[in-house]
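Common to both upcoming complexes is subunit A, partnered first by subunit B, then by subunit C.
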Partner chain A sequence: MTDPMPPAAPSALAAEPVGPAASPPDRPSLPPGRWIRENLFPNARNSILTVFAILVALFTYRGLLNFMFSEERSWIAVRTNLRLMFTQAYPEHQYVRVWVTVGIVMVLAGLSAGIWARWGGVTLKRLMGWLMSGGGLIAVGVLIREPSVLTDAAGETVRDDAGELVRESFAAAMADRWVWWAVALVLFALGLALWLRFDDLARRTSEIPVAWLVFGLPGLLVASTWVIRYGHYAFADGEFIAEPGQLVAMSTRVPWTVMWLLLIGCYGLGRVARERAIASAQAAADASDDVEVAEEGAGGEGAPELPRGALAKTRAVVNLAWVLSPFFLYWVVMRDPEIDYAHVFSTMLPMGLAFGVAGSAVLWWLTRSDAGEVGRLAAIGLLLLAAFHWVAAFFGWYSMLQVARIAFLLLAVAGLLAPNFAGVAAQRRRLVGAWLFVVLLVFYGATVINAPSTIETPTDMFIGGFSVTLLVSVLTIMLSFPIGVLLALARTSRQPIFRVLSTVYIEVIRGVPLITLLLFFSGVLPLFLPDGMEIAELAAAILGYTLFSAAYLAENVRGGLQSIRRGQYEAADAVGLTTTQRTGFIVLPQSLRVSIPPLVGQVIATFKETSLLAIIGLFDFLRMANSVVPNQSQFLGVRREGLLFISVVYWVVAFAMSKYSQRLEQRVGLGQR
Partner chain B sequence: MSTQPAHGDATIAVSDELAARDDMIVCRDVDKWFGDFQALSGITATIKEQEIVVVLGPSGSGKSTWIRCINRLEAHQSGQIIVDGIELTNDLRNIEKIRSEVGMVFQQFNLFPHLTVMDNITLAPIWVRRKSRPEAEELAESLLERVGIPEQAQKFPGQLSGGQQQRVAIARALAMEPRVMLFDEPTSALDPEMIKEVLDVMEELARSGMTMMVVTHEMGFAREVADRIIFMEEGEIVEVGTPHHFFTEPAEERTKLFLSQVL
Partner chain C sequence: MSDPRAPDRDASLSTLGTRPPFYRDATVVRWIAQVGTLILVLAAMWFLATEAGDSLRARGANIDFDFISDHIGIKVGWGIDTNPDTGGRALWVGMVNTIRMAAAGIALASVVGVLVGLARLSSNWPLRRLAGVYVEALRNIPLLVQILVYAAVLASLPNVSFGMGPIPGWVHLSNKGLSIPRVFIADGFYQWAVVMLIGGVIARVVFKRLAARREQTGMQTNAGAWATGIVAVFAIAGWWVHPIFGWLGGIFDGLSDAVGSIPQGAVQLVAALAAAAVAVWWIRRFLAQHRTPAGLVRLTDDDWFRMIFAVAGAAIVVLFVAVLWPGLSSWIVNSSSDGLGVLADKFGNGRTGAPIDAMRPDIVQPGNFPNYGPAGLNLPIGFAAVYFGVVFYTAAFIAEIVRGGILAVPKGQSEAAQAVGLRRSTALRRVILPQALRVILPPVGNQYLNLTKNTSLAIAVGYSDLVQIGQTVYNQTGKTLQVMAVWMLFYLACSLTISAAVNFFNIRLRIVER
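Moving on to the complex of A and B:
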């Protein structure tokens, strides 16, 4: 990889024939029997431990299986309530809005994966391991689970004279479970086929692209809804009617198929764009005879790195879409806002135009190359004016639309950033363009947010269940991240006021239980707000979570900041970077990548902590399983199934995030070798 | 540098009052304390344009502290430091101006590990000098060529040897087209076989007419390249002279003692 050969090396050295790169000797896999002997039973003590561990695992597994498949379990409560658990009672005829939301996420996910992902492959050996252990696990499960309890014609369990439950015979139980046997056999046979078909070397070196698995498995699942009769649940007159032995309803099957096709299609689109960008960069490199640049990315995992600067616009658009989509989906798609057009034309539109035009003029002036000290003073003046509006609002001196106050503040911030864009015409245009975009966003957002929702649901919230969990965690993470970074910078800043304020804030928040904070924001905060300002319960909850999580994120980022050596600051100073540039280009990028593990830990914690929403009265995922479903007349008291189900969903999401962070660490570790 | 930045524009009009026109660095009675410890006492020296000055002295004699005061990585507490006609004060704008005129090379290289070699070099020209990216990259390529590692542009610092890293650091400093280069023990952290490649680059730079101030322990470099040698001990300048004078007939006892230990 490295090429430590000095440029002045004598040419005789370069002329030497380069032999094949010395590779470490091949180490074939051990045959199964020897592997087991060497790893599990190498000596008496380890053998005892192995046996003990296997017994513990088996008993735990058996307990779980007996719980899951017990006659007392009513999994139908989970299956029929899937919609409720994920979206609450969203109106049937507007359900297309939910699908549009999922669809947009699928499009973005597909595009992102297509453009960015370098997933590499899974070796046949690992795949074989998964298949065979999966089949083995199912077979063991089928064998060790207790035979089912017999029931009489009335559906009551049969008891013998001693009052013990009567179970069917072992053979009958095995015969009843023939479907599971079939699945286990198929999986095992697939693994065995791989084993027989390829020799050891091929199994260890041939790979299946991870993309096939990532998209193929959901694809199989979706396809199976067209074939396998999972059972169907109709919803009529407020009652669920179970229709076992039917295919899944069209209204579920078709959208999911479309979703999967969207995902695949966008992934393909992204891939094509990526390949083209790589090919054109390669061609350009060949043309300029600068082969080095293009080949540089060829290391790593086989897949070539996307050349820098390639697809810059597409990537910027996709990233921006990711950032904006939660807000757009939540306020526009899911709520179907009823916009007051009279107000829009009389107030919002003229005001937005005024801010756009006047703000652009101000920024254009502030970025003149000779604006200098006057410009700086003008920007600070703007900031004071903006701050004054907020103070005035707090004391109720004069009324002003909130959106105007926000726009003033943003203009002041843009003005303070202006010196970074001064002088060069292209940079000035970029700043003004960004300002116009921000104005558009703010005024559109304000219009949409203030418009009431037209979606009618039994509760006053139009979404609930997993979607509210997801919404709160995504918004909290997006909002708390910048705040946390700013807090960390403030706490390490040389400005005493920033340092003291940030330290006090962080220590206070970290010393208060999250539940207290949530109750405060949902119940107490509205009493403190000035007249005419209201805050929705969900917004209050998000605010509470954000402030809480920001304090913890700040401490994580601060840990990263402290790991940056003093020489980095000095080098940045010595080349003349300003403090802002030093922070943005040198200090933050390095400290953030150091703090990836704790940051992701905090993100996962936030995601799980959203289950506290139930306490302040919101219908989140946990509450659906814990109290809504068990209160339905058909499923009175059926709680454990739901809890197990949501645990699995929480775990899948958290595990995916954790895996992603590991990959992220590997990827950004690149420069630190 | 192939092109010297224009000299004598309005901002440097004060130079005549503070220093002679071809005085690049002027220090007058500079004092510096770390707590109760006086690191520099009464440093007075002038470095002319295109002059190569090597600062020698035992460890802890204040050489590095002095050179770091010149671009304000350390603040001096009394006396005057005037670089290219601009006096170093607490005024942030003067500090920024001087830092963009003065290149610095550190003992520990201090490359930015998360950026490629190319980005290390182009960052400051783009954001401080406001060059366009292609312009900055062209400059970076020519500088990498000059320090002898044009093929490493897309690598990360961690993938280079120490000598290569230090040469990238020199290229990074040169990319700002400075009028003075400061070297703070540039070869002390290098393995012996890599020292020469860095010294070669420095020699070439000296021949091209750059004003240089070098803190080093490389006696050979001092003898061959320096116009003047400044010998320091315990925060004071002990002796100043040409290499010939310094190595053959030093006047001060302390200089003789030092030379007897290192030669």
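Moving on to the complex of A and C:
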């Protein structure tokens, strides 16, 4: 049947690597007639396969189109419930919080895109191909879709004597779909025009930046909401509003326009920062002529070379913002905490100040160059004291605020790190500065986390839909990553007890289905908690996801760890690094780089797995489409439309991530050395 | 162990006579850290366990497994027994359903996956693109969403009616699910199986002989064809002559009586001792294999784990036998008689019918609406939705693995095969696939594991798998923890079985090196 030999004559199934990289862009293109002959109908068997594949594709496509455009579909259910599906029911006057959240993400995304600026390009040839095949697909779709059902003056469908629906004639259907014909023609003509305009190979393979497409297409979409009358559908105070032929509501149009402008503006800002850094570094290089110019990886889209470290600080700040923003957005912006200022001024502020000042003093003393053994012993003492507070609190011997216990523990950890910063004044200042920042973060976080939310919603969850899906994915990834790395280190360690504990944990978790773990955490966990301790449903779910994901991440990281050569360890030992330094500076950076593809795979898997939240009763994206919308009185039983819609959204996000990971792989040069 | 350093530095330090204080001695610190962690983990577990015990006691629930043999009244939508007597029986129905789904899913997913993977490497442009679209579309949409889409589409099919299609009288598809002809084990099957067994043994002997002769003389002996022919002859002849083995029923009857007269405690004791003895025997054999004349060779982590698993397995068996014995027999066979009694019945003299029989699906109308009759194999929507979901989803991943595996075979191999004049199909069968299989098998085994675990999503569409039935059971009895323990054991057992099978084939496929 199948045949993987490299073909002397083209065979049906050849083992020739025909991946994405198989057709080099500079291969001269054949005239269409010859291309069809050589690729589609070179011999009898291939012709049969071609016909078979095309028939399968056409029938699938036709089925999908017939489903989508059937008069029984009620896409209005999706249109009306877009807000519900993405954010659940925020009160109208609080909806600005959602936009602030999106805005912050847009700002960060724009800045990152500008500063990292490694987008690469799309060749004109591919763009032309996309345009023409897009036009062709639409045209084919218009042709093969079944004609619409006739309706009478009252809008009721017409049936013949046998009770079958009466459909309009083929010619009438084609004439009715003139808009689609126009779109197909415009796309095709655009592609053709480009093709004719850029007729030599060099210009066809010239690239236009991907950024233009990524920013331009949403821009077009946003702009179109100001012109095209998409119609206005919404629930206003439970009242169903349907106004076809209207512009989209102002409350949707304006924010999205602002979002798009923010994205573009911040992208521009990032680009400017990048250009400046490059210019100043080059000026310095011209002046001294000895600045090392480092090329970043093998990506190479002809972007100017960025000197090593030129944007390091900016990048660090943006990275930190990315890491902190989910927590900030979730606890502060989305939730509008009702802060008890009396408590803040009477307790949190003084305690925070005390920890800041006293902790700084302790750290300053511990980083003296002559602190020596005494300093280490003091740090260990601090650690024991901090641990004892937790034990004491657990058994109720004496009470101490949780935030104080956390701060104590962090101080002890900082104390243990102190020898690494000892001696040099600048280093000591850096440790103390970091400590102050951490204290600020901890006390601020504790204040907002413990404050109740003021958002009033039908359920006790103040976010739902896609935002829950995203929140759980992001928090799960962020929390499970360090646990996974620790587990991987423990599993590859030479210490038998660590190894056994970690192995048993990983294998047991990987052996059971996620849903049983989630049922455990959402249903049984409360049994295990001491009296008076409660855990929110969402937190329990995130805990379950995190513990599950950590086991899989650990295996991915372990794969990377095992790829590190023995010589690396020996070299690290030879220059006198401690075990921690060796792991942190030599082993982990290299192994994580190797594990990037499986790690991104795990990120995608986690994103997809968040759909299981619907089973344990949380209102995630899937639950909205599968049970909330079909239960609305206006849209009873309208389920398939919503499911198709969320499939597309899930697909777009997951597909984008997998494409990005492929680019990342190429950029770090995996598989090329 | 990614820490392959030369011997400890501490050793050389101590020889210098400058042994550091204990709190800076790496060995001591490491052990303190390890033991400290262990104590912490154990303490946390102990604490959580006591908390759970307290809260359960406060609710008046005890941690026991009585529900396995206690009568409960639940209805199962689909399975070998829709009105299970006991909790254990209900869970067993769920396990069978899960295994059915997983086995059927693995079979079809492998076929679809390999076909799509090969299609992705085809030189035929439309086929290649079609396969690419399939893979990219399916693996980026959550499986649960796909299952729900299938369920929603199936639920919108028309109602059952007489003379419905797609193939009236053979295949019926409606919002009640799929109804197809049912092939089932009939009266004579077990006796026929004995005939087949004898045929298989003879075929094996013949095959070995012929294969050996071919090795010696180099002549074509057609060993495979002969063996297949012998099995076929026995199968066909056995169809009519199998009743001659009816006397086996009497033997099992007698054995059953004999075992039945032994007191139950003794049986439990013997079974427990047997399990323990097997474990001891296995470990002794294992150690003997690793013993060289000089003593014991170094055991790797895996070796230790194997031994620990053997002990743990034996302990679990002993525990089951000692604690759950009364429940177990009713659990599996749903009757008070033991396994031997069942066998006696299956082989009974009266059974002379055909070994395998089939029935076409029918449509009946007991009340107001027509419905599927009991004759055909009726697969409910839930089954079909989960089945299509896991099969097509997993197939997309398997396709990528197959593609990668074939690409991983060096091009020189196929060129060399061509050079020695092998036909393309022969080269694929004898040169490319065997080498690709070596790369493909471990990740595909992982996918089989994922498929098995993913069948638990059946809970979303109401297919009665282990998780769904388990949830019903604990909602009714309140024995949440116990049911979850059963889940965990079952899925771990599945994982171990599949990875053992994959390991077995992997070792068989390994390149034999000098």
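Keep this in mind: the second predicted complex is superposed on the first by the 616 of 673 C-alpha atoms of A that agree within 3 Å, B and C clash if a C-alpha of one lies under 4 Å from a C-alpha of the other, contacts with A are read in each partner's own complex, and residues count from 1 in each chain.
Quick note on the criterion: contacts are C-beta pairs under 8 Å (C-beta built on N, C-alpha and C of every residue); 3 or more make two chains touch, one makes a residue touch a chain.
For clarity, every value in this text was computed on a predicted model and none was experimentally measured.
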item	value
Contacts of A:498 with subunit B and subunit C, given as first, second, both or neither	second
Touching partner for A:467 - first (subunit B), second (subunit C), both, neither	neither
Subunit B versus subunit C as contact partner of A:81, first or second or both or neither	neither
Which of subunit B and subunit C A:574 touches, first, second, both or neither	first
Touching partner for A:447 - first (subunit B), second (subunit C), both, neither	neither
First, second, both or neither for A:586, with subunit B first and subunit C second	first
Partner, of subunit C and subunit B, that touches more residues belonging to subunit A	C
First, second, both or neither for A:612, with subunit B first and subunit C second	second
First, second, both or neither for A:424, with subunit B first and subunit C second	first
Overlap of subunit C and subunit B interfaces on subunit A (superposed complexes)	1-4, 6-7, 570, 573
Subunit A - residues contacting subunit B, complex	1-4, 6-8, 292-293, 296, 423-424, 565, 567-568, 570-578, 581, 585-586, 589-590, 593, 668, 670-673
Subunit B to subunit A touching residues, read off their complex	71-73, 96, 99-100, 102-104, 106, 108, 110-116, 123-124, 127-128, 130, 148-149, 151-161, 163-164, 169, 172-173, 176, 197
Residues of subunit C defined as touching subunit A within the complex	1-6, 23, 30, 33-35, 37-38, 41, 48, 51-52, 55-56, 118-130, 133, 136-137, 140-146, 148-149, 152-153, 156, 301, 305, 406-407, 409, 411, 414-415, 417-418, 424-425, 427-428, 432, 453-454, 456-457, 459-460, 467, 471, 480-481, 484, 487-488, 491-492, 495-496
Residue ranges of subunit A in contact with subunit C within the complex	1-7, 10-19, 39-40, 46, 49-50, 52-54, 56-57, 377, 380, 492-499, 501, 503, 508, 510-516, 519-520, 523-524, 526-530, 561-562, 564, 566, 569-570, 573, 587, 604, 608-612, 614-615, 622, 626, 639-640, 643-644, 646-647, 650-651, 654-655, 658
